[in-house]
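Next, two complexes with chain A in common: one pairs it with chain B, the other with chain C.
Let's turn to the complex of A and B:
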């Protein structure tokens, strides 16, 4: 499988290189859907220039990247395009390997369950065969690399690609079972933007599952491993934060990065939900609604991990989707990461109910974003409500997509335990109703 | 006996005369030293009225009365920059055209016959005022509109109009802030455009305008403190408007008693218009001024007293050709005394020092990465590398 992957990599690098050289690069790097105040390349360059002039890059509310990004780009700022292409390649390869590993595990578990005869007999059509699963890793890599969202994000040189790479490496190290690496990459991802903190629960659940530790609060083994993992995570996070203190010698990256993400002072329009709401907000209620919106991101972890504790990889997918919908400054690069996972759940296609609607909504909104932006900002014949309507619709479409996959996954699990064709007690056909 | 008495009387008278003459000479000497102690050689005045419209008649009358005093005490028109934002003398609402009165019942016409207004009407703007002060005028500006002062000039600046806490309103549409004014004075100091500066302001909350000064050799007076309004003096029922503001009215009365040789000093000026007469509390600021205000004469600022030194001894003038030869012989390079720290004032672009991450950071980061690498993959893999 290495050859097709290399082919896909070469193709994606070609596309990106062509776009870098064309005049579209500047156009794309200014689009608000692709770059946000957190990850715009312009701001990185500005921060590095401020640093060369001897001023802290965090002065003046321009630069909101972490010090490790400063360190990385200080040396490679001239080769930024190659760096971002390499980063996209790393993400794709990490996802490829992770999904390959996951598929192997899934198939192995299915084999054991079939041998133990745990599935009802009419579920045979729901079984997955190696033939269909063979090309899934390649499809995942292709979905990530050739996704127009990723290409746009890479051409705009948005550091969202870096975030995606760290999260992909986290997924890879979790699926390989290495607790230390997974904690370190999770700490790095949380350090970059706070929201991957919610990936702590699925990572923990996966590692527990892999070590065959049942998720039971009464058992000491559970707490032992949880404490180990959380100590590793918190320890590496603290080490990284202290190390970044030593880079510039001051703590003012904390309010600039984390204060900025959490308190959302910049209300530039983007594809998220925060900007319009807080543009209208009275000062009196602002703090309350900031808390509400931020808790909203973190809150879904609890019920989802309770429901999906046997299926941590799906939980990872759901969490990444929820982060990229509800985070304070989302961009299309965040969406590309969870969309790359969709081939993994291609066997759920028969249970998806809204896929046509969702894909139409997403396509239409993607097309309408630049149109309504132009109408609002340049032509002056629309206003922010138009753009916000499309943003709302886009997010509703994403939420519908995610919840559709959730429904399909749970339904398949239900069928695997209860049988595909449901019968009532008297033998007549029953239908499944979602109450 | 009588002769002795007469001789004694003569001697006493003579000694008295000598003593008197000596004391007179001593007084003259101290006066002479005092005379030469202020260090200025020319006087300028910048008099600005910032309000327009007929009901602000009193602001124009304020400025014209100070103009009158200043001219009377010797400053010529070429050294006065007079800025009037509106024309009251020829205003169509003026029942007595070509006059501007300062006392009711038309006692004193401050407009006179030879008023020379340099900036009139809409030319009185914040930008023009600041350009006059700092000297940054376009090359086409005539001399009468320029403040051509040097480092030996004493400048009197008088502002009047409507003001507030920290600003002065110009022309009903813009304002100058106390910070801008302080910075303009600092520019003047750095460009050596004044020796000493007397700043008088007659507006509401006038003391706020001199709060921000930070350049040396500035003395400031204001008609009211922050939070107080400066009030107008008296209306004239024939003309129909208030003619003067209180502070400038009493200032004018004070200045009418000053003549070019008067020895009145700044402490008398501070006493002009106490609270009983002015209702507002006049304020002054002398902390930036190097000399003691008691030794500063009124005529140092309001008059233009030429320094003339009378000597009775003959001076030998050398032959001009010898002089030039001597100059050529000792032709050393002439340079200005290093008063101006140019490197501080003209901010050169700082050298682009590249920032490098500290070594401790790099060391820490890479050692951590190596640690994690070896922890994950074990030491035994090392033998595959080496």
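Let's turn to the complex of A and C:
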């Protein structure tokens, strides 16, 4: 399996290298869909210049990346293109290994369940075969590396690729069962962009499951492990933040990075939901709605964790998707990360209801973004409403996609416990309807 | 959510798509809707939206029409003497009027000779004078331009421009700088001047930098006048890539024509009052169709067309002298311009209040985007219905028993290769069609007895025709037998591709999108490998993008009431192609690359399906 993965890696690096050398690179790095004020390379370069001059990079209102990133690029700024390609490669390999591991577990579990005769008899066609599962890790790597969104993001040198790599490493270390590494990477991801904090719940649930600790508040082992994991997480987060402080010598970065993410002062259009809404809003409602919008990202963690506590990996997928839809400065790079997981759920295909509609919507919106941007900004004939309409549609498409997968996952689990062909009490065929 | 999640309703929706009837209905409804747009009760009356131009009264006092005509005669004499643009005379005259005068020289090598205008290596000079605003910080400007055309045309326009400059100089109310531009080599000169003004170079033009600048240009008016008296003034709006200026500019023109009692036309058609008769309807339909065809061509139809790209609202005003009794003299035309410029001078912000997306069946009526988009939407619905139909076919080879759960095995998915190969080959053909004609002109001229221009056009046609033979032969060699599933997947991809492509095109240039949809959609919807080959191949070719251009040429001539014979039409068709390629090279018009790189390959995909084996 290593050979095809290498091939995909080589192919994707070639594509990126070609694009880096072409005149498109400059155009792409200016697109608002690809870079946000948080992760634009232009701003990183500005921050580096300030740092070299001995000024705090956070003075002024240009640079909003974390101190660790700027110190990373302080050393490798001349090789930035290579770094971004390597980072994408790392993400893909991490996802590959993680999914391989996950699939092994899934298959083992399925085997035990089959041996214990736990499934209803007509569910055999829902069983997953090793043949079908064999190529999934490769597909995941391919979906990440060859996804146009990832390529665009990489060519624009958006630091979103770094965040994705950290998240992928978090997923890998969690699925491998290493609590410490998992906590460290989760802390890193949180440090980078706050929102991955919601991945704490699935990470914890997975590790608990792996150690056969039931999620039961009455048990001391549950609390012991939870506290242990939290301490590791908070500890490493503190270490990273303090490290940033010592590197930089000031706390400037806290308001400039986290304040910037949470209070959304920069309303440059992007593919998210914030900019238009807050550009239109009266100032004195702003604080209230900022809270509402931001809580929105974190809120779903609770019901989803309750519902999916047996399936933490699917919960990770859901959380990443929700983050990338509802975060304050989303870019296409964020979307690429959760889309890489779609092949993992390819067995849900038969239960998906709107996949055709959703893919049409996403496809059309992707094409319409640059068109409407052109009409609004360059031709001057359209206005921001046109662009925001497409943004809305794009996000509705994403939400439909995620909820469709959620429904399909739950439905498969339902069939696995209740039998595939449901009967009503009177013996006629029953259908499941989501009202 | 009920509609999407309830299996019974979903089944009802999908069963609807399986029949052909909705397609036919959608197509006819789309065409009918479009034709209905010219019917007066369905359109809106134009109205001035911009407050700064609406209620503020200005008084036109321009007195010196006769003097302007004398200047025009002097200009003509000097032009004749120099044998081109009399730069020195213009500089001297403008300076004598108290303007800040500057010149800009430019040069441009065309990719191949332009036969209709007989030029290949273009060198010229633009002369412009700036009247500085006495009453405001000079941050904004207006442009009045007139081309210095070869021969005897447009002298009066330059004369009137100079007359206006002299009169404007003595007025005190200007709040915006006014730039009087006399450009050589029509659009190429304007392009050079605009690129110089905005410090850009997007088309590889060679020009000297501008020595004098004014503020950001708010609006521009271009004047074309060939005779001392005119019977009517024609307003030209269509610009590069089908861009239109704000509708308020047209309203402004119309308002002043009414006020001064000047006959005004759009597309050379007067307005008729008998909308309820057949003739009245035909007349406005003709006017609208002319606008649609002009807009679809993506060419700048006047000098204003290039200003639009820089976010400058601009229109050309063209004097027409026909055999009517009623004549308008230069003084009235001068007053019209004075009034328009004074109102534009009053603007507090850029024109943005009124519509940017519109079609005009007459000068006082318009159709906005909300009214014309459904016509296009109905046509694209067919593509989506077909795609949905194919999706249902692909997903469920056996009848569906319940929501999503089909019986039997899922169909073996066709290899990625069998779909990817035609897509790649079609696009490579498109790239060849885009690049080769200009690149290979020298070789063609060497081997065939043709001129460069003919070589370019004929190479393009040859590659276009060769593309019909190429793809469906090669994909079989690579991927072996195509399967029944194979063509379905390919068609699904091609349908979605076409829908997205047409949708994006229609947003930027509605007319182009709609015209392409009218011919491409039936071909795309009907094609399968199981229809009679010869007959449908002919139909497909007749509905291809190339033939669409040919029909448009004939229709355009018919609508302009200068019908042409087949041979003349063919020659026109050839010149339209060469003009399209030139427009792309000179001004960055996007129609040629769009057709060559995207629409044609997309059509080839459907061609491919027809010959799927």
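Structure notes:
Please note the rule applied: the second predicted complex is superposed on the first by the 433 of 435 C-alpha atoms of A that agree within 3 Å, B and C clash if a C-alpha of one lies under 4 Å from a C-alpha of the other, contacts with A are read in each partner's own complex, and residues count from 1 in each chain.
The criterion applied here is as follows: a residue touches a chain if its C-beta (ideal position, glycine included) is under 8 Å from a C-beta of that chain, and two chains touch if they have at least 3 such contacts.
Small disclaimer: the values here were computed from a predicted structure and weren't measured.
Room for both chain B and chain C is found when the two structures are superposed via chain A, with no clash between them. By the touch criterion defined above, A:23 lies against neither chain B nor chain C after alignment on the C-alpha atoms of chain A. The superposed model places chain B and chain C at 70 degrees from each other around the C-alpha centre of chain A, with the value given to the nearest 10.
In the superposition on chain A, A:220 makes contact with neither chain B nor chain C. In the superposition on chain A, the chain among chain B and chain C reaching more residues of chain A is C. Once chain A of one complex is fitted onto chain A of the other, the partner contacts of A:239 are limited to chain B, with no touch recorded for chain C. Of the two partner chains placed by superposition, only chain B is touched by A:178; chain C is not. When both complexes are overlaid on chain A, the residue A:351 reaches chain C alone and has no touch with chain B.
Of the two partner chains placed around the shared chain by superposition, chain C is the only one that A:367 touches, whereas chain B remains out of contact.
The superposed three-chain arrangement places the nearest Cα atoms of chain B and chain C 8 Å from each other. The intersection of chain A residues touching chain B with those touching chain C, taken from the two complexes, is empty. Contact residues of chain A toward chain C in the complex are 350-354, 356-357, 360, 363-364, 367-368, 371-372, 374-375, 378-382, 400, 407, 420, 429, 431-435.
On the chain B side of its complex with chain A, the touching residues are 350, 352-358, 360-362, 364-365, 368, 372, 375-376. Touching chain A in their complex are the following residues of chain C: 1-2, 4-8, 10, 243-244, 308-309, 311, 350, 352, 356-357, 384, 387-388, 391, 401-406, 410, 496, 499-501, 503-504, 507-508. Those residues of chain A that touch chain B in the shared complex are 51-54, 68, 70-71, 74, 178, 180-181, 184, 239, 243, 246-247, 249.
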